[in-house]
Amino acid sequence: MQIGMVGLGRMGANMVRRLLKQGHDCVVFDVNPDNVAPLVKEGATGATSPDDLVAKLSPPRAVWLMLPAAITPKIARDFAARLQAGDAIIDGGNSNYRDAIDLAAEFAPRGIDFIDTGTSGGIWGLERGYSLMIGGPVAAVQRLDPIFASLAPGAGLGIAADPVTGTAPMGYLHCGPSGAGHFVKMVHNGIEYGVMAAYAEGLNILKAANAGTQHREADAETAPLAHPQYYQFDIDLPAVTEVWRHGSVIGSWLLDLTAQALKQDPNLDQYGGRVSDSGEGRWTLQAAVETGVPAPVLASALFERFSSRGEAEFAGKVLSAMRNAFGGHLEKAK
Amino acid sequence: MQIGMVGLGRMGANMVRRLLKQGHDCVVFDVNPDNVAPLVKEGATGATSPDDLVAKLSPPRAVWLMLPAAITPKIARDFAARLQAGDAIIDGGNSNYRDAIDLAAEFAPRGIDFIDTGTSGGIWGLERGYSLMIGGPVAAVQRLDPIFASLAPGAGLGIAADPVTGTAPMGYLHCGPSGAGHFVKMVHNGIEYGVMAAYAEGLNILKAANAGTQHREADAETAPLAHPQYYQFDIDLPAVTEVWRHGSVIGSWLLDLTAQALKQDPNLDQYGGRVSDSGEGRWTLQAAVETGVPAPVLASALFERFSSRGEAEFAGKVLSAMRNAFGGHLEKAK
Amino acid sequence: MQIGMVGLGRMGANMVRRLLKQGHDCVVFDVNPDNVAPLVKEGATGATSPDDLVAKLSPPRAVWLMLPAAITPKIARDFAARLQAGDAIIDGGNSNYRDAIDLAAEFAPRGIDFIDTGTSGGIWGLERGYSLMIGGPVAAVQRLDPIFASLAPGAGLGIAADPVTGTAPMGYLHCGPSGAGHFVKMVHNGIEYGVMAAYAEGLNILKAANAGTQHREADAETAPLAHPQYYQFDIDLPAVTEVWRHGSVIGSWLLDLTAQALKQDPNLDQYGGRVSDSGEGRWTLQAAVETGVPAPVLASALFERFSSRGEAEFAGKVLSAMRNAFGGHLEKAK
Amino acid sequence: MQIGMVGLGRMGANMVRRLLKQGHDCVVFDVNPDNVAPLVKEGATGATSPDDLVAKLSPPRAVWLMLPAAITPKIARDFAARLQAGDAIIDGGNSNYRDAIDLAAEFAPRGIDFIDTGTSGGIWGLERGYSLMIGGPVAAVQRLDPIFASLAPGAGLGIAADPVTGTAPMGYLHCGPSGAGHFVKMVHNGIEYGVMAAYAEGLNILKAANAGTQHREADAETAPLAHPQYYQFDIDLPAVTEVWRHGSVIGSWLLDLTAQALKQDPNLDQYGGRVSDSGEGRWTLQAAVETGVPAPVLASALFERFSSRGEAEFAGKVLSAMRNAFGGHLEKAK
């Protein structure tokens, strides 16, 4: 099947490669021509502009966008203006599901389908396949099934669809009308933040298991450690994460990757600890708040990321100012 | 190798079965004789009392306790009084690692080794093997290696020990001196609570994705839902958890089990939502607090369990009383 | 000065009373005529409809809305349609500041000022005065100064405006352009939730100080209480909240009210512990999330309210299902 | 009445001053003689050693310790060894209430009373009086009533004890047996952390109200700000905290101090935002965890302090390593 891919970063390029391997015809475009050339060598058809990409696709066209969320709506509109009834735009990025609802409604009168497709799998998707969460009109989603089936892990494996869960066991799922795909992917990422934070906090506690071996000042600004004898352990984090992978309740793919990373760099010295967030964790929290669902774990995980980037600093200053004001407590230097 | 097993609940009984299958000689005891009989049929030697169990073991003895944390120290002392130099007591339960440190120090002068062995794997361990986190003196841990190797998943698979991670790839690890095993298991369970809560909160948000289809009162006591058009989804939770298992970043064993549970009972009607905690999550948090390590995700996960059991009720009453006092807000009925 | 007041609930009615006492001319309307009559007896001019209210006001008119957030935008538009250039609508309710920005922009072309005025003080404002946080064009805010000054606590006290803080010491403040008043009030309420929750959690812990006197089961589903001797206190909550009011660091008006409530009903038996939220806490969290500011305390406070209303139930069911699936743990009955 | 004061830091010295003003006879000691001299000039009797202090007190003696928690038990034992039946040691510091229970039991056989007295009021206590939360045997507490009454705010005002709340309206309270005073003070400080954090987070959000005016990158590592038009405010924090003091629901003494601090230094540039904790917040959380009481707000407040001191760094590194491992995300520089 023919498909156009716009945005050839880590994700988009590998998705093209996976599609090429499965025999699909890929027309590819990126604002940076350097990203186009390698894929052309691997069998894709290069496009030099949006117009060129659209021209090289035969109707009914399918244009897959794999772009940062902040620019996706604008680019989607740029392409929609070049497409015609029967064509489809698929947004595989980490976009806000609300944009999908709005864009689908905006394009529908012109007969252009907008398909929101949450795509998980990261840089491993080329090899493992991508988990796809799809929203949009049934007919359009079904028309694109060969693409979804090829990107998903189960593609070509001939797994019969389960009467309960349909294509889910093959790694892709039509979750509902426009927006449903990105909504499910959004919550997926919200969960991801929480799961990651659970491991990260736990490992941080393991690392502090030797706190009793360290000198602690005995002044009114320092909480005493009552029982230093209980904090005398030097825990081997690479070994611990490895053992957990084998038979423990918390085995997971993220743990597999963590164990691998710790094996290569036990203190993770190559990182500074400043953690980005790309939006989906925020929108998950927004959905929780608007619908009145408690999500303290997901919220805490998100806020840890904010704090890791220094965004709690002013709050800390307020606390220090208060402590000074009521108790004459001077802030301790590092 | 010969071993005595005390406590034949879900965990203890299956561990005996796994050991029997691997050719070990198991002497078993439980306060409830009904738990002993089935294992005797499967090849274990039954004991009718602690004295009987000790008598049936040849020195150097190994007595494995698989008991609730609240009674483990007492029972450990009961057995220590019956044992002699060179014998070992292994605590495989969810005990506080501090007890292990204290008990090991208490028994050491008499030459009795106390080995704390955190054991993960649940009811699936019989088949999959148990992930073991072990603390105690090197010699005693090495003497018991055949038992650990058989309980662990990798037992008998001939995996060579990795120079970095030792036996970890086989699913068991000597984590350090007395207490280190239960410390690592404690943090494991702390992480487990956090990971579980991440999924649970995410699924709760997915379930609320249809909030915009429901009537909402427009009074001063009810937060308005600004954009009901964005909450119109009926998400198929069994299908979503299934698709996430295939190629997504949040794939895990806990997700596998969750998908299975939702397939059988999509609304989980058989549960009331009151969630127990068995201590390890609490001790993890205690360790975080004492060592000054932030653990907001693990704390939130624990507190959600407390709240699920109604333990926030009085706090809620205080809030309602305050709202009434300053604003004349009457508490809404359910 | 003449003002129209629309919405004569707890807040609106008392604000009219305070304005009447200070000699202002109040024209009042409510969809429920029973709310109009008492104020007419106290000196207000009653209106029987929006048209009637507008007719009874002389240009430049000022119409103050004191309504639930969910209906405020619609009513604001209803009145704007009846007003003319130079008139002003003041929204004193707990509305989303975004509505204020949008409505101000919508009415501006017709010369109608929309003034968002966050109003704090609850049912005590009649006596103590209301803390007012005002957003809107300078000229309109200045024209309404006599109303703001009379509603605020410092009204008539002749306090000279501080060069730094302007009218703030008198209890009202022009916070910035349209939306700024409701934004500041929104954060005020977000803080309010956090402060309230801090007291509520603390009192709940004090209430549990006798946990060591109670029987605790010793099974694998129950976390043991290691040191019951440290939880033997029966704390007198009314006395404790009273003593904190006198010289402690946590003295506050909310504590004053809490102490009073506990004196009258030490166990707060009249409440069920289901706590409403009216929107501002949610929007505060939304603002934190969108701007990348960590707000774990404010988030936790909000989520406690959601949970108090049973909104965590499904998440609890997921946790129980997981525990059953991996460990065979049966959910304990209450 | 005669009293010995040991520890003449900020708190101890001012308490001596307040007692001297009310006509009490104070014998004072500090390891740093420079702290003794000024108080001698103000009328106290200086002691050069613990022995000297004990010698200068007439039985039944009262020795008040005002020391860092980490050293209090040791010093208490030092003095207990020098005292006799009928004497009393009062611990007014931020000690763990468990120490009070243990020390009281330790000294009781020798007839020495150990009185735990939580003391709130900070550097303002000299002028405002101290809020006192007292634990210990009734007779000893009653014997020391003149001291408590003088330290407390209501001293000398002749307020009749309320039948419900006893001396609480005068600012001191006998909370129960040994440990009860420090337990109540511990929870007081736990609440204090929560209340402080609520203000700090709220002010941080207000400070970010201009986020829409700032450039935001549009890459996959940066969450987009969907509606910059709603974040265009430059909020005057000194003015806002001032207005809240006048009639708003969140008026408090901590807010008074915060407004004052912001007036002097609107950006709080003199602080770095590294916030100490002195132990009581930790013990509060420990009590919550042990008794099964959810305390997410108090926990979050404590963890924010830990994070402000860089203690989340390794957790952040783990998250960055995971993100790199699954998505090839490179950590962004500051």
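Some observations on this one:
Labels for the chains are A, B, C and D, by order of writing; each one numbers its residues from 1.
Basically, a contact is a pair of C-beta atoms (placed from the backbone, for glycine too) under 8 Å apart; a residue touches a chain by one contact, two chains touch by 3 or more.
By chain, UniProt protein names: A, B, C, D = 6-phosphogluconate dehydrogenase (Decarboxylating).
A quick note: this is a predicted structure, and the numbers were derived from the prediction, not measured.
Among the pairs A-C and C-D, the greater number of C-beta contacts is found at C-D. Over half of the residue-numbered contact pairs at A-B are shared with one candidate from B-D, C-D or B-C, namely C-D. Our note on geometry: subunit A versus subunit D, Cα centroid distance of 43 Å, whole angstroms. Centre-to-centre spacing of subunit A and subunit C amounts to 37 Å, using the average Cα coordinate of each chain. Averaged Cα coordinates give subunit C a centre that lies 29 Å from the centre of subunit D. Under the contact definition stated at the top, the residues of subunit A that touch 2 or more other chains are 122, 197, 199, 201, 204, 223, 226, 249, 253-254, 282, 290, 292-296, 299-300, 303-304, 307, 309, 311-312, 315, 326-327. Viewed as a contact network, the protein chains are fully connected, with every chain touching every other.
Per the touch definition, subunit A reaches subunit D in the complex via residues 9-10, 68-71, 93-94, 96, 122-124, 196-197, 199-201, 203-204, 207, 216, 218-224, 226, 253-254, 257-258, 260-262, 265, 268, 271-279, 282, 296, 300, 304-305, 307-329, 331-334.
Those residues of subunit B that touch subunit A in the complex are listed here as 97-98, 101, 120-122, 125, 128-133, 152-154, 162, 164-173, 175-177, 179-180, 183-184, 187-188, 190-195, 197-199, 201-202, 204-206, 208-209, 211, 223, 225-227, 229-236, 238-240, 242-255, 263, 284, 287-288, 290-301, 303-304. Partner subunit A is touched in their complex by these residues of subunit C: 249, 282, 285-286, 289-290, 292-296, 299-300, 302-304, 306-307, 309, 311-312, 315, 326-327.
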